[in-house]
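Per-chain numbering from 1; labels A, B, C and D assigned in written order.
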Amino acid sequence: MNNAIEFLKTQVGKDATNSPSPLMQWLNPILISVKEDNLIFEYEIRKEWLNPSGSLHGGITAAIVDDTIGATVFSFGEPSAYTTINNVVDYFSTAHEGQTIIAETQTIKKGKKIINVQCEIWNNSKARLIAKGYSNLLRIEKQI
Amino acid sequence: MNNAIEFLKTQVGKDATNSPSPLMQWLNPILISVKEDNLIFEYEIRKEWLNPSGSLHGGITAAIVDDTIGATVFSFGEPSAYTTINNVVDYFSTAHEGQTIIAETQTIKKGKKIINVQCEIWNNSKARLIAKGYSNLLRIEKQI
Amino acid sequence: MNNAIEFLKTQVGKDATNSPSPLMQWLNPILISVKEDNLIFEYEIRKEWLNPSGSLHGGITAAIVDDTIGATVFSFGEPSAYTTINNVVDYFSTAHEGQTIIAETQTIKKGKKIINVQCEIWNNSKARLIAKGYSNLLRIEKQI
Amino acid sequence: MNNAIEFLKTQVGKDATNSPSPLMQWLNPILISVKEDNLIFEYEIRKEWLNPSGSLHGGITAAIVDDTIGATVFSFGEPSAYTTINNVVDYFSTAHEGQTIIAETQTIKKGKKIINVQCEIWNNSKARLIAKGYSNLLRIEKQI
């Protein structure tokens, strides 16, 4: 295990106060599970996350997809950095204020230059798939 | 002109306090320009919008893309509602805290059932394209 | 079981001579397996399928993804028809003339109006993922 | 002008017999126009390009999008090669056997590592947008 995944394992059951991502601190999920290539987070839908119809805004869903995929790549603990090339989200159903939703990531491909990671957004019981997203990320050498 | 676009025209030069979208209220852009099928918004990048590298988080970019596309569809003033089928964002460069970015939408196709709208995210001078996104939306009959 | 999936089961082990899709006839895969929401096809890469570098052209990969997703939706045997809204393909590695590749589909979501199906393209041994694609399809009433 | 774009200019008004892409030879468009970052091709829809409904198969549309984007990147005449990371196609309307369709590409962003190019598919009179696609491509050093 690398240092990054070890750090994440210490955060299981906790909120995102210690996250290096300011956006994740604001979204403030609870980290539920940490496995290799696979993270699970839980979010409570807040008022600022709603669309004009009063349900979960697709923009927040996209933000959660992108942010949890970033955390998954962080968990690899690689010396290289990754930059997101694209982010695709397909929307299937919705959720409402105060409800709890689950984001679960899975690494699909670790290429030499390109990594592909997906994220599923589920309702609390994981009976209903709310959205599914995918990103390609490019490995870049870290500046020293 | 329909009522929706007339309302938007009254908001030019103002922030999003009057927006029907709670997420847009939180992102709080200034509405710069309202034309048929084409809206322009201006955002100031805040601390909660950053990624661990201290630059604009791709998740916020995706949220802006999705939210401004929603506003564009609202501007059509149609009796039907629209639900987002998917949202795709391609990332090209980045921006930093305190900087101003521009989101400009353009309707690509208005089909009978499916509408396609794009959104470009530019730096303040519109010299550098930061990201470009696209959504397909499905027309659904409003519940009465 | 519906008539469509029963027909497909009679085609296992055969090429696409009997396919209702002229493009599938031209691609001419062998149908390997038929399960609910999940089809497997095998293709031999031909000269016309190559790019200027002499490897499998991404356009053919996209055509295979789209065509096998169409066959999967056909296998539902529904009275409604479906039209493809979008098709996304992520490319991970490549393949060469004369090699055999595998396309395996999986239905991700069956909504009332929108269906989402994915397709993975593998090398012959399924050790290497060549590409992965996704489509959203819209249910439309068949014209009588 | 570089050698690649000079070669393409000699091909205007001709079919794809001289194309370095075996797939383009098979699709066999006529090259209509060559400008910097912008190519136009014309295709006649053949029987093998149809779906079970007898209209243009989305898989062929995706192949045309991918192939013309590849030709556009070729027209840059760069010493580096490019590999396609992803290909996204949104479908808006359809076309039928024997009809002529137009594919027009446009380079959206030329980054140091990533290039983004779009392709619109139009009916013959350019009155009706049939589909629109986008690709991200990664610059890779050519092997010597």
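Here is the rule we go by: a contact is a pair of C-beta atoms (placed from the backbone, for glycine too) under 8 Å apart; a residue touches a chain by one contact, two chains touch by 3 or more.
These figures come from a predicted structure and were not determined experimentally.
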| item | value |
| --- | --- |
| Between the pairs B-D and A-B, the one where more C-beta pairs touch | A-B |
| Most remote chain, CA-based centroid, reference being chain B | C |
| Distance between chain centroids, defined by C-alpha means - chain A, chain D (Å) | 34 |
| Chain A and chain B: spacing of chain centres that average the CA atoms, whole Å | 22 |
| Gap in Å, rounded to a whole number, between the CA centres of chain D and chain B | 29 |
| In chain A, residues with contacts to at least two other chains | 85-86, 88, 90, 114, 136 |
| Residues of chain D touching chain A in the complex | 85-86, 88, 113-114, 136, 138, 140 |
| Chain B residues within the chain A interface of the complex | 20-23, 25-26, 47-53, 57-60, 62-67, 70, 74, 81, 83-91 |
| Interface residues, chain B side, partner chain D - complex | 88, 90, 92-93, 108-109, 111, 114, 116, 129, 132, 134, 136 |
